[in-house]
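As written, the chain order gives the labels A, B and C, with residue 1 at the start of each chain.
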Amino acid sequence: MAQRQTEQDLERRFQARVDAEEKIEPKDWMPAAYRKTLIRQISQHAHSEVVGMQPEGNWITRAPSLRRKAVLLAKVQDEAGHGLYLYSAAETLGTTREELVEALHRGKAKYSSIFNYPTLTWADIGAVGWLVDGAAIINQVALQRTSYGPYARAMIRICKEESFHQRQGYEIMLALAKGSAQQKAMAQDALNRFWWPSLMMFGPNDDESPNSAQSMKWKIKRKSNDQLRQEFVDQTVPQIEVLGLELPDPKLRWNEARGHYDFGAIDWEEFYRVIKGNGPCNRQRLQHHIKAERDGDWVREAMRAYEDKRRGREAA
Amino acid sequence: MACNPVRDRSDKNHSDGNMSKQTIVEYATRLGDDALILGHRLSEWCSNGPFLEEDIATINTSLDYIGRARMFLSYAAELEGAGRTEDDLAYTRDCRDFKNLLINELPRGDFAFTTVRQFLVDAFNLFFFEALVGSTDTQLAAIAAKSVKESRYHLRRSRDWMLRLGDGTEESHRRTQTALDDLWGYTDELFHMDPLESELLDTGVAVDRAAVRLRWEPLVTELIDAATLQLPQPYTLPGGGRQGVHTEHLGHLLAELQFVQRAYPGLQW
Amino acid sequence: MKHMPLFEVFIRSKRGLDHTHVGSLHAEDHRQALEYARDVYTRRSEGVSIWVVKSADIVASQEGDRDSFYDPMDDKPYRHATHYVLPEEVNNM
């Protein structure tokens, strides 16, 4: 009884701290469900960064100019760095990177469904930078105020670094849109293919998102899925117009009364199909990640063996 | 080579006219190709490294090489004065026109192969660029100064990896020794002086590769020993990179590198 | 398989400033940790000096120590400049 009382006290104190916009730090007491939710969300975020290296990495060796090649390489490297920052944040919650990666490999942990779509043409690299990073930034800007300190700090760092990602993507699209007819068609095709999956990145509608309310109360999430999605649409439509490309959704139009753009219905069946593992590239992405890990086994073993020997020599 | 042994260095660039300019264009192109092709090979590691930290570090090295390639190639294009750009050189030349040394174009192989190649080339680059800093060509000297700093760090990394892999597990030792044996025959080409480079050496533009070898060999030999590896039995492969006679691998690399430019010629990206 | 140890990374962003914690990474030893810190955390020339320390070597105060560690400091307002009321003319002291 006394135990339960204490637990309730702790929980009250925890929520009061969250309500007061104070950050929760690693050594603080926190509800087990808060910890679990955070680990799930941060690791999902980390996996997304790392798996997200693949569709863009797919074009590093084929980038059409040396400048584009260097930029893309630097960008994909940033994604690796961001994955690393996020794994670090997750590790402060008492889990390890191997546990998280293992969960990914066993299909227990998710990553953003957008990365299960293929990058078929160079324009896709533009679309990914512009739309996918654009959507990610909207989400991440909100998360800079998330209640868990290490996660918020990782987000601040990531947002600062990502500022060039979306711009380089848009710059690619701009070059194509102002280029030859073929290039413009390539840009339009990429926009059409990546538009809907980008909208899906914000997750299910609010009334279909069961964990959202609790996450909002804990201030892990700061804005709802639909709010963020609307922000993305409102921000992106004028950018499409500047490119001079056709809108990818006939229902996209300005709603004066709402002060927002209306848009068509999202194909949630597709969303859930991809989430469940049956998108165009799910298996490929996972197998790639697993293979890299396996190929690295002997390297990591060698490192450890060498370190053990070195210490042995030092001790002797 | 029929040339005046007492050339005056100072007026070489000007009075000797196009011939001299053309040789510097060729020299810069060679160095640019070396950097481009190895940078490309390193970039293939992106998302394939043994763990995240190493992925990030390898990409940094790759970025250094690609940056260096851009500097050399844009200098070559500018000096040539034919209106070409770094991208024209990288994306529209065929296999026979690429002048990189063969060691750079070999497929990335496993992590041991990449490590050994980096070690051999990083050590070479450090000494080569330290010498090129003294070039009478100020542009080449400036690129070299930047490359020295980069190479020092690259070598620090690849040396450490040689030790870890050579003196790690039985498997890592075996893989590393195999890579060393396979790569050894390609190292001779690093030190080969042809008439063009000899001429540029006379004018103080180019580096004496034989002198680089004198610094490279002891470092490499010592490290191979420290890594508990065996110095390979000496053997020499034909070489030919400077004449555009490559391995079969380069054509495939170029097919990938140049795909977009070849499929949609003459466009801006 | 057991993973490499975790290291915490601190960076001095420019001369005259303290080293600040920026995050963590995995490495086999200190030397490697330092190199990876350079590659991971200073990609945009964020630093002039790096510290790495094994996470396991950090001794941290505990949430439970809070009362005895920090609260006693709350009753010593005389340590703060604002405690002393001076005439306006010299108040920028």
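In this text, contacts are C-beta pairs under 8 Å (C-beta built on N, C-alpha and C of every residue); 3 or more make two chains touch, one makes a residue touch a chain.
All of these numbers come straight from a predicted model, not from anything done at the bench.
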- Query: Of the chains present, which has its C-alpha mean closest to the combined C-alpha mean?
  - Reply: A
- Which of A-B and B-C has more C-beta pairs touching across its chains: A-B
- Message: For chain A versus chain C, what separation do you get between their C-alpha means, in angstrom?
- Response: 28
- Task: Could you give the separation in Å between the centres of chain A and chain B, each centre being the mean of its C-alpha atoms?
- Result: 37
- Task: Give, as an integer number of Å, the spacing between the C-alpha centres of chain C and chain B.
- Result: 42
- Name the residues of chain A that each touch 2 or more other chains. 74, 77, 81, 84, 297, 300-301, 303, 306-307
- Residues of chain C whose C-beta touches two or more other chains: 4, 25-26, 28, 32, 40, 43
- Task: Identify all positions of chain B at which a residue touches two or more other chains, and write them in rising order.
- Result: 51, 53-54, 56, 60, 164
- Task: Give every residue of chain B touching chain A within the complex, in rising order.
- Result: 36, 40, 43-44, 46-56, 59-60, 62-63, 66-67, 69-70, 73, 86-87, 90-91, 110-111, 163-165, 167-169, 171-172, 175, 256-257, 259-261, 264, 267-269
- chain A contacts chain C in the complex at 27-29, 74, 77-78, 81, 84-85, 88, 91, 96-98, 153-154, 157, 161, 297, 300-301, 303-304, 306-307, 310
- Query: Okay, in this complex, where on chain A does chain B touch?
  - Reply: 50, 53-54, 57, 60-70, 73-74, 76-77, 80-81, 83-84, 87, 122, 172, 175-176, 179-180, 182-183, 288, 292, 295-303, 305-307, 309
- Item | Touching residues on chain C, where the partner in the complex is chain B | 4, 25-28, 31-32, 35-36, 39-40, 43
- Inside the complex, what are the residues of chain B that reach chain C? 51, 53-54, 56-57, 60, 156-157, 160, 164
